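Structure record follows, encoded as structure tokens.
Just so it is clear, A, B and C label the chains in written order, and each chain counts residues from 1 on its own.
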Amino acid sequence: MLESWIELARGPLLRLALLAMAVGLLRQVLLQVWEISWAFHRAGDQVVPWRVALRRNLEWLLPWRYLQRKERRAYNFTSFLFHVGVIAVPLFLAGHVAIWNQELGLSWWTLPPAVADWLTAITVVAALGLLLGRMVNSASRVISKFQDWALPVLCILPFVTGFWVAHPLWSPFDAQVVYLVHLLSAELLLILVPFSKLVHMVLFWVSQTSSELGWRFPPGSGERVRVTLGKETEGI
Amino acid sequence: MITDPCILNDVTRCIGCEECVAACKRINGLPEEDPPPRVGQSKDGLSSTRWTSILRRTGGVNVRKQCRHCLEPACVSVCPVGALKKTPEGPVVYDKSVCMGCRYCMMGCPYGIPHYEWNTVNPSIRKCILCHEKLKSGEIDRPACVTACPKEATVFGSRDEMLAEARRRLEAEPGTYLQHIWGEHEVGGTSVLYISHVDLGFLAWQDPKFLGVEPLPERTWSALKKVPFEFVGMATFMTAAWWIIDRRMRLQGEEGAGGDRDHDEPGGSADEGGEQ
Amino acid sequence: MTRRVQITKGILWFISGLAAAVTIVRFTRGLGTTTALSDTTPWGLWVGFDVMGGVALAAGGFVIGAIAHVFQRERYHHAVRPAILTALLGYAAVAVGLIYDLGLPWNIWHPLIFWNPHSPLFEVAWCVMTYLGILFLEFLPVFLERTRFQALYRTLLRLQLPLIILGISVSTLHQSSLGTLLLIMPFRLHPLWYTPHLPELFFVSAICLGLVMVIFESSVTAWLYEREPHTDMLAGLSRFAAGALAFYLAFRFFDLWHHGKLGLAFENTFEVRLFWFEIAISAVIPLVLFLIPRVRRSHTGVFIAAALGVMGFLLNRIDASGLAQVWATGADYFPEWTEFVVSFGIVSFFALIYLFIQEHFPVEKEIVDEEERWLQRQLFVLPRFDRGSQVWLGDATFASRRVYSALFVVALVVGLALTPWQPLVKASPVQRARGGEMLRVGYPLGTVMFPHGEHITRLGKEACGTCHHLHKPGDVGTPCSECHADLYLDTTIFDHVRHVAVLEGNASCAKCHPEGQPKVRATARKCSSCHEKDMMAANTVATRFESLAAPGLRRAAHGICIECHRREAANPEWKKPDLFRCATCHKTPVPHVQELRLLRAEGGETAPVAAGS
């Protein structure tokens, strides 16, 4: 019984989750491109500071400067570690590459098992740290919404279960149950990507670029940004 | 190649060995395994990979089913692009490069002969072509199924010869056969004839008596040949109607009636009055 | 944009998304995977609804054109542009529907260069192409009205009347030719529908459907955009419709009487019930409703009558091209859900285009003006916050775009999850046959009678392994049906859970899955490497036993029986007769459709049953 569930989760469901993510992300990108081009079309000043926008994006992708900032240094550093793990482990774990190979016929460089284990552990700890940071800092706590709490927890799940799948002897639960939870939680996460704030994995350039271009939008837009952010009481 | 090639099937002689089926598959390069039948498909055994089949009837009667190569084939007449053609020699053949896959031929065939390759994205109509190309090139002198038949239950010759042969057999053993040659007259005549000791009405969707002897294409052509006249007639009628109405309305306008143009609608005012 | 429009558009986008998913499967896997069509029923919902129905639904264009422009009834001018737009989109939808239905859709243009004037479908293809062009020219002024191409706009307006007359003539041809299409199949179509006057009947019913469709559509748009319908116009159209319906009924029944088929209409069969149902909802009920003056003036009344008429005449087209043919073919065809999704998806997609054009071009001036005022207001409305997803939706146009696209994407993914990727094959479970003198094998049971006892006597008890090539653990002489459990479909015979349990738990993985390789089926050991002892060496299939699935019984049995008999016949020393011929085993008569019909009518047998069983 469990066996057939795992077969389902590993084959059709995985394919479906990846597909949902791809189509959903495509939708987000198209919407944003459309929206930005409209905004740009209506903007008073149509000069695009390409260089600034590019630098912003690069800085965000390789956050050297952010890490050197004084304020919330620990939080930024934890966040960096978390993102490294969250990207590297799913993509470069040997077992996963085997699946990509089987499903898509693609194969690439893999992490040595020991490195993967340590990265997994670091990711889990970093995620817990981020949650703690969010809880401790009052400013963060106030602007946090439900998904800000739920998503990190959901991120931890496939990593913990994945670790147990790799080391069944350390697992307190039945191996097949753990495997199924691993698959299902990862798939849920994939499906949620385009429909939650995780969408920043493809839309980061929008937030980074709009912060440069946004001020060129028509009069009154600043007011609307303020309302959107829920900061009606503060000055612009 | 002889003109007007024709197959005569003698139901009384068929033993149902399916040698003809195997030979047909061999010469046409068809796979031995047939695709699983689709839901609701009639169980005559024909499929896109089996162009002839043996229908087994009660009492050990075996009837071979295949394309009848009608003298005036419905499938050829309905094909909008002419992918199915009646060759000058007689067999009805198919040209994949022209076909667009509308499947009208399958609907139009009274015998349910053309079959389709449902499980591919590049499907063709498949049916018996009376080994046309190989016969024409002289590679074989008779269709593979006829050559394979061990009992002479299916024989080959020109249509006149086969009709003569059929009559000869009917006369020689009047007690054995029903005195009827299936395919001699039905739907204008076919190039695959049957003589039998049982009624063969089941080979078509409907009894041959129901189909009649009139070629099926006549039925559509009698309507289609009126098309140019309909077109001109309708255009003339509409133009004339417009001209008359326009003129009448202009005259009314000159009379200074003005008012509602809809006034002249027959029964209109009475209806409106009745409702208030 | 009213709330109603937004909800409607959401639903339409969702259906379009489902259809998009099926589209992918249709064009990568073929018709067999997405339709329930078969060689017996080669035309299904896509022809009956999308093509036959679609062309007839779009008849409003030429009917209203005739009423308003040729007969110059001023009050129906409101209806002209929406009717022409419906016709234009309707014909485009027919073309799209054809692309789905054609087996080789990339050859759809072939009627242009390969001619067969004897084919009604050729005539229809040409007319539809011509009429699409005419409709486009008729509608082009709407696109041009508020642009700077005023010279072209005025020229087209001057050409309006000739174009409309040309359109009417072309419509007359192909509306009737759709009836001609069916003239070739007197053997398929039930006599209550078949008549030599099908072309004329189709033309008249197209006029009826065109009229009720225009009424239906204007009451729906009025409801959607919350504005007053043109009561006068609708009442007038209802009167026309009543006349057309009365004529249609008279024509149809006169035709039946004339051909002496009126008696057929009072038998108690499925076709007769279908006939009366169709007549009732297409013509009789709408006619009665339209004849009541109070109904003609009531929006609800007109809407109900028109909706019934639309459904009724659509049913008429579906009957003629399918349902009324079951009588002859005895075929079980019910459209797959994927067929419904595509049909409704095409309608939804074109309805969205219809609404878009209504909102952005002066088709009905009230709608486009109201839409522009609405857009202006939106510039001063605060962005909306969606509590469910905790997302700011931006201004209302952006918000609706987000919602529609999300609905589309969700539907697309759901559709892809649900759509089958393999051809649809009905499971044909095999009856269990074991021991005994004579085994009745196959589906229906007894297709093949296998002389089991005779084989044992002739070959000796030791020779069981010749056929019984694999035993279930703890069993001897396991019957064929145990693994080859379906006549056509493969059956999985590998049980992972049981293997794990028997091989002592998780530690045993390496017994099948080599270390360092992913633990999947592809890399696991071949079954035969362990199960040598459960297999018999002396049979023809032993060497093939490597997969985890058993092939269907037909393939398995043919493989083992035919090969063995052929080998024996080929050996001159054995002097065995050529028992590998089909007729050796297959003796059961094939029930033919006519007999199937009789069987059903008499005994209420639903499954086809061989006469031999």
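Here is the rule we use: a residue touches a chain if its C-beta (ideal position, glycine included) is under 8 Å from a C-beta of that chain, and two chains touch if they have at least 3 such contacts.
Please read these numbers as outputs of a predicted model, since none were measured by experiment.
Among the chains present, the centre nearest to the common Cα mean is that of C.
Among the chain pairings, B-C comes first (most C-beta pairs in contact).
Centroid to centroid, with C-alpha atoms defining each point, chain B and chain C lie 24 Å apart. Distance between chain centres (mean CA atoms), chain A to chain B: 62 Å. Distance between chain A and chain C, defined via averaged C-alpha coordinates, is recorded as 41 Å.
Multi-chain contact residues, meaning those touching two or more other chains, do not occur anywhere in chain C.
Those residues of chain A that touch chain C in the complex are listed here as 1-3, 12, 16, 19-20, 23-24, 27, 30-31, 34-35, 95, 98-99, 102, 145-147, 168, 175, 194-196, 224, 227-228. Against chain C, the residues of chain B that register as touching in their complex are 15-19, 21, 33, 35-48, 54-58, 60, 62, 74, 77-83, 98-104, 106-108, 110, 112, 114-116, 118-123, 201-202, 204-206, 210-211, 216-217, 219-224, 227, 230-232, 234-235, 238-239, 241-242, 245-246, 249, 261-262, 265, 267-268, 271, 274-275.
Chain C contributes residues 382-383, 389-390, 392, 394, 398, 401-402, 405-406, 408-409, 412-413, 416-417, 496-497, 506, 517-518, 520, 522 to its touches with chain A in the complex.
Within the complex, the chain C residues that touch chain B are 27-33, 36-43, 66, 69-75, 101-105, 107-108, 110-111, 114-125, 161, 165-166, 168-170, 172-173, 176-177, 179-181, 183-188, 196, 198-199, 236, 239, 293-294, 296-297, 328-333, 423-426, 487-489, 552, 555, 558, 581-583, 586-595, 608, 611.
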